[in-house]
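Below is one structure. I have some questions about it.
Lettered A, B, C and D in written order, each chain numbered from 1.
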Amino acid sequence: MRVEETEIFKKYFENLTDRERAVFEGGITLGALFHQFVGTPVSKDNKESLERAIEEAMKNQPCVYDIKVKIKDVGEKYTSLDGRMLDVDLKIKINRTIAHLKLEYIAEIDYPLMYVKELYEE
Amino acid sequence: MRVEETEIFKKYFENLTDRERAVFEGGITLGALFHQFVGTPVSKDNKESLERAIEEAMKNQPCVYDIKVKIKDVGEKYTSLDGRMLDVDLKIKINRTIAHLKLEYIAEIDYPLMYVKELYEE
Amino acid sequence: MRVEETEIFKKYFENLTDRERAVFEGGITLGALFHQFVGTPVSKDNKESLERAIEEAMKNQPCVYDIKVKIKDVGEKYTSLDGRMLDVDLKIKINRTIAHLKLEYIAEIDYPLMYVKELYEE
Amino acid sequence: MRVEETEIFKKYFENLTDRERAVFEGGITLGALFHQFVGTPVSKDNKESLERAIEEAMKNQPCVYDIKVKIKDVGEKYTSLDGRMLDVDLKIKINRTIAHLKLEYIAEIDYPLMYVKELYEE
């Protein structure tokens, strides 16, 4: 049984709507992903294994329904993973509510932005 | 001007209520804090400087209104900061809505839980 | 060309013997590995993808000749990767000198120790 | 008693000269520092508390004799700490041998380089 399925866990979230819960869990997972993996050595040689490992690791987080990670602008020479290289699509599911969240670099504000792309009922 | 005050930033959040936005930003900041600092060497000698530095660092994150970090169970011997040692109170403010969020270790589920303690209008 | 093969890089290391250089680079890579990945969510489901991704990431670091990562004590329930779960064999090669380094948990001192297992000429 | 003063710890290092040991411990500490703190939110407001907290945290690591951390190119707007912003002087002491190590950005190779500036007897 996953931790989020336990009764003790659930009672901490009775004060939130499904939508609020979905964006809360999504925020945690995006913040966690960014700050866990920024700094990791990456080059063309390990780009794909790192993308898959980030996806698989974050699927452990509560309520993650689906996640797709792309690392952009990777060259021959290795570099430390910068948050601006991350492009993430994350789906969180709470009952029938799905939050589709995004982490992507927004050039106009020079910022790797985390936001909610869509919130819908399945 | 803080990044969250720019018009470009703001338009990404028009699809959320103030409550949803508050818990989303709170989730990001708690997930970020945990995964940034877990692993840091900590002993009685540097416990306080680390607590203050975590607070000051996380105040940079969008919409953080107040934050208090306590590191528990620190002994003479240094150890790597474990998420179960963290006790965090975080307040996020969106217009007049305040989300009071918490990260604390819950022994019954052996889990450092992030949850929303209170959501209220100022 | 890898960064460590450039002339500018090389001139910073003229003051070290091959043995000194080998253990210096090995220390960097072990310290980096530990503090980059501690905290990552891990369960039986993603243990292997994480082990492989850590190996592939750290092969980018200067002078890494071979690396094998094992994550121990992973259960059904996910947890944050703790340094005590890591068992790493790392080989660094400088000209004909090889340093075989180790990161493993030593119960007597309750410490995830990094040390040089063997230093030899190939 | 610090962990490095225990007999069990010491016996793992009998195969190294004092110089080798000094650069090994120095490598660990620089690799650890970089990968622990890269990604931390930093602006003018928290630059100094972060510099001090990094120094104090890393003094826990075995054999650290002195450390000075400077974070460069910090602006009004907050950013994630990038390894290229770090300027670190670290001294490791093993018996009478001191290794003075450096982490600094080298523009010619676009690389935050860790190297041994000086190795001497006190």
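We take it that a residue touches a chain if its C-beta (ideal position, glycine included) is under 8 Å from a C-beta of that chain, and two chains touch if they have at least 3 such contacts.
The structure presented is a predicted model; accordingly, all values stated were derived computationally and were not measured.
Counting C-beta pairs in contact across B-C and across B-D shows that the higher total falls to B-D. One simple way to say how far apart two chains are is to compare their mean CA positions; for chain B and chain D this gives 27 Å.
Chain B and chain C have CA centres that are 31 Å apart. Those residues of chain A in touch with two or more other chains are numbered 3, 32, 34-36, 39. Chain contacts here are complete: no pair of chains fails to touch. The residues of chain D lying in touch with chain A in their complex are 34-35, 38-39, 80, 82-83, 112. The part of chain B that touches chain D in the complex is made up of residues 2-3, 32, 36, 39-43, 45-46, 49-50, 52-54, 56-61, 77-78.
Residues of chain C that touch chain D in their complex: 3, 6, 8-9, 12-13, 15-16, 19-20, 23-36, 106, 108-109, 111, 113-116, 118-119.
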